[in-house]
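Same chain, two partners: subunit A is paired with subunit B first, then with subunit C.
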Partner chain A sequence: MKKLKEKYYENKRDELGLNSIERLMKYLPASSPLMKRNVTYAHLDFEKIATAIAKKEPFAIISGLSPTGPLHFGHKAIFDELLWFQKNFGAEIYIPITNDEAYVVNKMDSLKDSLKCAYEEVIPGIIAFGFDPKKTKLFVDSDYKDIYNVAMQVSKNLSLRVVKRTFGFEEEIDNPGALFYRGAIQLSQIILPQLKEFGGPKPTLVLAGIDQHPYILLSRDVAKKMGLIEPSSIYIKFLNSLAGPQNKMSTSDPNSCIYLTDKPEVAEKKIDQAFTGGSPLAEKQKQKGGIPEACSIFSLLKYHFLDDKSFQESYLACSKGKVLCNGCKKGAKKMILEYLSEYQKRFEKAKGQMDEFLLKTPIKSILE
Partner chain B sequence: MDLDNFLSQKGLVIKSPSKKEIIERAREISPKKLKILYGETYDECGEPIDSLKHYFFVANLAEILEKEGIQSEPTILVADEAVSHNEINIPYEEVINMGKKRASLIKKINDVYSTNLKVIFMSDFINSQESKQKLDKVKVLCSDNEDIQKLLEQTVPDDKVEIEKQKGFQYSLEEIATILDFDIKIGPPREKVYDRIAGAIADKMGYKKLMPIYLTPSFPLGLDFDYFFSNPEIEEYGVTAYKADSKGLKDNRIILMKTNCDHLKKLIEKTYIPGREFKDLPNPLLDLLILSETAKQRLENKKEQIPYFDDFYNNKLSDEELKNKSFSQINEFILSKIKEY
Partner chain C sequence: MKKLKEKYYENKRDELGLNSIERLMKYLPASSPLMKRNVTYAHLDFEKIATAIAKKEPFAIISGLSPTGPLHFGHKAIFDELLWFQKNFGAEIYIPITNDEAYVVNKMDSLKDSLKCAYEEVIPGIIAFGFDPKKTKLFVDSDYKDIYNVAMQVSKNLSLRVVKRTFGFEEEIDNPGALFYRGAIQLSQIILPQLKEFGGPKPTLVLAGIDQHPYILLSRDVAKKMGLIEPSSIYIKFLNSLAGPQNKMSTSDPNSCIYLTDKPEVAEKKIDQAFTGGSPLAEKQKQKGGIPEACSIFSLLKYHFLDDKSFQESYLACSKGKVLCNGCKKGAKKMILEYLSEYQKRFEKAKGQMDEFLLKTPIKSILE
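Our next item is the complex of A and B:
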């Protein structure tokens, strides 16, 4: 299963002409834990970001989020990576909260619900990670209406043919709202940091899953036509679902993920029921070892809780049958519950900090 | 230092024939001397310090071989004719004069460092009847061979392939014809393509196969990690050691009689230094330090193992020490010794 999954990511990376993260890691002054674990694993045109880092010049990172429910550990991986770039290299972070998308593609029943989720769950959830308010800008699309003016300008630089060709048969755009979102608004979010109001053209990096690659290609096209710098991108692997490695953690499926706002007893139950890479027979597992690559608990630990040394040790202990699933889950529970307890305190505090992070800058340059 | 240690000098030699192979060649061609070659073209921007790495190596190799009882002819080829073919905007006489300037530098190196290098000019022999016949034969052998045609395309930058094809890869074939005559060729790793072609046709031409020795590439100074990350070709092959303005980077090179102390200091201060765990990444200052140490040993008539590669990667040489030492040694043992030529 590990081989299949790794092969999927490697094949996709190669098929799309992306670069492996390995060479980048040799040169960057520091590598993030997720890069070292090959969770952050591919990039396109990171060279511009490397130059900004070397010259200590400004650069921006964009990573959008659709507010369809509470944040979970899969989201944490993305925010950890954003925070790492901010702490190590001073990156300006832009996080569009794409409630309009959630609504037009029927992930939320109403705009009202999408706004509620954005302000009550997602925004405090993001702030609780510890971003610097001076260098982090969050905005909810339908409240930050100037983004739609930007989207109109962006749409002038695209043809419907190109948009449809980009999405191919993988995605059906079955309503005009979805088309406007996919074809313009999402792209405008990516080029936003380069507008005059935010300092003008600068290197920008999109942090996303590999499924977002078509948008990045489109955004590069548009940026070029608008006289801006073509965005770079960096890709992160999805965290395995608690139900098994065939799927990813998903907000819409509570059984697939541990929400960061889950009560301890809920989180404990989810851990108990999580799919592991072990055998139902303890003796067999002691003999043959477990399969950490297939294990959703090991995946959680790999992404979030183990330093390099303990990662190696845990991997070996599991694969050689030195530790059984119950023992591993016990250790995982302790780490996860401790984290959740601290996180949820910060989450509560974050509710009073939202104003510091919300982007309010009017965009006038697009009307000139 | 014996021949084995010399041929495996860390931070200097990337690839070389073994001592056994060299001794065997010497035996095969005896009583003729082993012919050692290092060839250079040049540009209008002057003489880069990186040429000295190769000059010193050729001289040291000849002396170490002599200690092993093997006689050799260490030769530096100034490829003036090749330059005139490439630099069609520079009048021929000017190209030849620039070549003579390069030869004066080598003479100065001989005087200061007792290197005893022989200089030959491509223009002295390339237009002779013998050379023309040799070149014609090389052309026939290369054109008949599809694999060699593909290799020839690799001898020129991608954007020049079509132009050179139309010229019949004249420049590359002239180089191949020239190097066939020699037993050992010193050069940067980028030359491996020429050497492979020469190796493929040597038999058919009645020559012994060339034994190349590749020294570490030369890297530009004063640039940070992002430059090397963004230029994988430079990471692998460096810049052309003997051309001061290779890749348009003359401001990032040490050019003899042109680069002053202040500029050298600034360049060294801003130069990227890789982490200790990656020995395959460019290390321009380590390269410079090893060059300066070689110069120092020439002046002191010594040939000892240079420890700086191991010192650096085993954390015994800090970044600060590397910067300071390379600066002071380059000044003391090279720049202050070569003030005119």
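Our next item is the complex of A and C:
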């Protein structure tokens, strides 16, 4: 099952004509843990970023987020990768928090609820990972309204035909705001670091799931027409749901994920109930071994808790039946609860640091 | 020819099921000069406004403007009518100046150019008519970005299908910003005075050309869904082009209109060259009379310079051949140049008064 999922990602990459992670790693002086695990697994035009890194020139990474609930371990993978680029190569990080999108595509009931979620959950949640406030800019669309002026500017570079062909709107269901979000606001967020206010034009990288690839292609068209540098992208595989490898961890389904703000007893219970690659019969598992590729706990460990050596050891111990699920879960619990405890202290502290991270720069270059 | 045009407006009114001005006038304690001339000629649901006036309750009028050049006598008709409602019944006036629309529908080359036009031409031009700063609020979309939050809110009440059916988009030509403008921003401007920040819900009236009727209908749907009062509307006939009754005065064609900031010698030349309802042969005109209905100069006088008595006299003098075009133009020149001279003094003064009129109220009710 897990094999099929793995194949889905690799097939999608090849279908879209994207490059594999192996090639990407050649361009960098170092590789991130997620690159080594093939979690960050595909890219488009990363060469530009590698060149900026080699020449020690500035570059920016953009990775947006829809504020619909607390952050979970799936988000952590994305922010770990961003942080790795910032710590190792000084990347400027831009994180648009798209409460407007959450509302117009019906993920949240009001702009207000989504705005509240942005400030109470998402922003402290991001800061808690340890970003550098001097090189990290967060903004929430409804409060950083300059983004709408950029979006009106961007609009002129796209016809409705192109937007419709790219995203396949449903006229009965979608509304003008959803179309404008997809065909203008999201693209504005991608080109934002290239505006004069932020020292652009400069190389930019979008870090996202491969489902976002159509936006990258549109943003490249738009950037070209606006005399900016075409954005590059890297894609990350989603962390599996606790319910099994068919789905990803999802904010909207509390049973699919461990939120980073879950209380220890809640997290523990979720681990106890998590789908694994083991057998109901211990004896059988000892003989035949487990299937770590299908196991949600192994997935969590692979993304977040194992270094290169222990990753290999754990994989073998499971697949050869030397460690059974109970024992493995016990070890996982310890690591996960320890992490949550430390993270949650930083989360509380982060509530007082939001102002250092919020982008307030007025965008005047397109109006003056 | 003029007869046909007249018929166009009346037919359009009846086709759309709107009410005639005669009925409207019954509801008001007084009638404006433009109502008496049947220039303001149709309405929808004006009863609500008449009730507010009778009960001395607050109501607002909204009338937007695309900043693409200087104001001309066509605009003056609209602002005269607004001013009449303000002076006689204390109407609050909201004037959205839609530089974003001017840009996304290709009337202006950049947001910046249209913004410049808004502050250098349109805003002082409006203030110069004599509005009360306490009861008149002007805003330019790119600078009053809160309107975009309202637009995202409004979006949720409309499907793309409805917007497309109403305006008939051309997918190759139109862009996401143009669709968002038509299907959300424009509607937001109409419901704006009904937000809590402005003491709403309250009765509102849109004053516009009948081509704007589809927006009114959409805005009524949206208002209803948002628990607001359905906006009413009144429609005004456009002032004829100086080139003849087939077209209206248009900002983009300097020969079609007299700009209110035209120098006297420019205005005089335009009057000299203006299309009239006279005959090339003076003798024939003396015998058969002129056709005031077709005459651009008579149109200008009818809208702006004649009281009830002189309107009747001028009409008869022309149609009976007692006054020929040269003599009539001479009289018109005197009145028009006098008006322009006075207006232009107020225009210069208005440049220092813009701050009193610009709407700066943050819109928080939809975010809190």
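As a working rule, the second predicted complex is superposed on the first by the 361 of 368 C-alpha atoms of A that agree within 3 Å, B and C clash if a C-alpha of one lies under 4 Å from a C-alpha of the other, contacts with A are read in each partner's own complex, and residues count from 1 in each chain.
What we mean here is this: a contact is a pair of C-beta atoms (placed from the backbone, for glycine too) under 8 Å apart; a residue touches a chain by one contact, two chains touch by 3 or more.
For clarity, every value in this text was computed on a predicted model and none was experimentally measured.
**Student:** Name the contact category of A:C295: first (subunit B only), second (subunit C only), both, or neither.
**Tutor:** Neither partner.
**Student:** Mind working out whether A:T51 is in touch with subunit B, subunit C, both or neither, as first, second, both or neither?
**Tutor:** First partner only, subunit B.
**Student:** Pick one for A:L195: touches subunit B only (first), subunit C only (second), both, or neither.
**Tutor:** Neither: A:L195 stays clear of subunit B and subunit C.
**Student:** Quick one: classify A:V39 as touching subunit B (first), subunit C (second), both or neither.
**Tutor:** neither
**Student:** Go through the superposed model and pick first if A:P29 touches only subunit B, second if only subunit C, both, or neither.
**Tutor:** It touches subunit B, and subunit C stays clear.
**Student:** Please work out whether A:K145 is in contact with subunit B alone, subunit C alone, both, or neither, and reply first, second, both or neither.
**Tutor:** second
**Student:** Tell me which partner A:Y103 touches in the superposition: subunit B (first), subunit C (second), both or neither.
**Tutor:** So A:Y103 only meets subunit C here.
**Student:** On subunit A, which partner touches more residues: subunit B or subunit C?
**Tutor:** Result: the larger residue contact count on subunit A belongs to C.
**Student:** Output the subunit A positions appearing in both contact lists, the one against subunit B and the one against subunit C.
**Tutor:** Residues common to the subunit A contacts of subunit C and of subunit B do not exist here, since the sets are disjoint.
**Student:** Across the complex, what residues on subunit A touch subunit B?
**Tutor:** For subunit A paired with subunit B, touching residues are 23-24, 26-29, 46-47, 50-51, 53-55.
**Student:** Subunit A touches which residues of subunit C in the complex?
**Tutor:** Touching subunit A from subunit C are residues 100, 103-104, 110-112, 115, 142, 145-146, 148-149, 151-161, 163-164, 169-180, 182-184, 366-368.
**Student:** Would you pull the subunit B residues touching subunit A in the complex into a rising list?
**Tutor:** Touching subunit A: residues 224-230, 232, 274-275, 278, 281 of subunit B.
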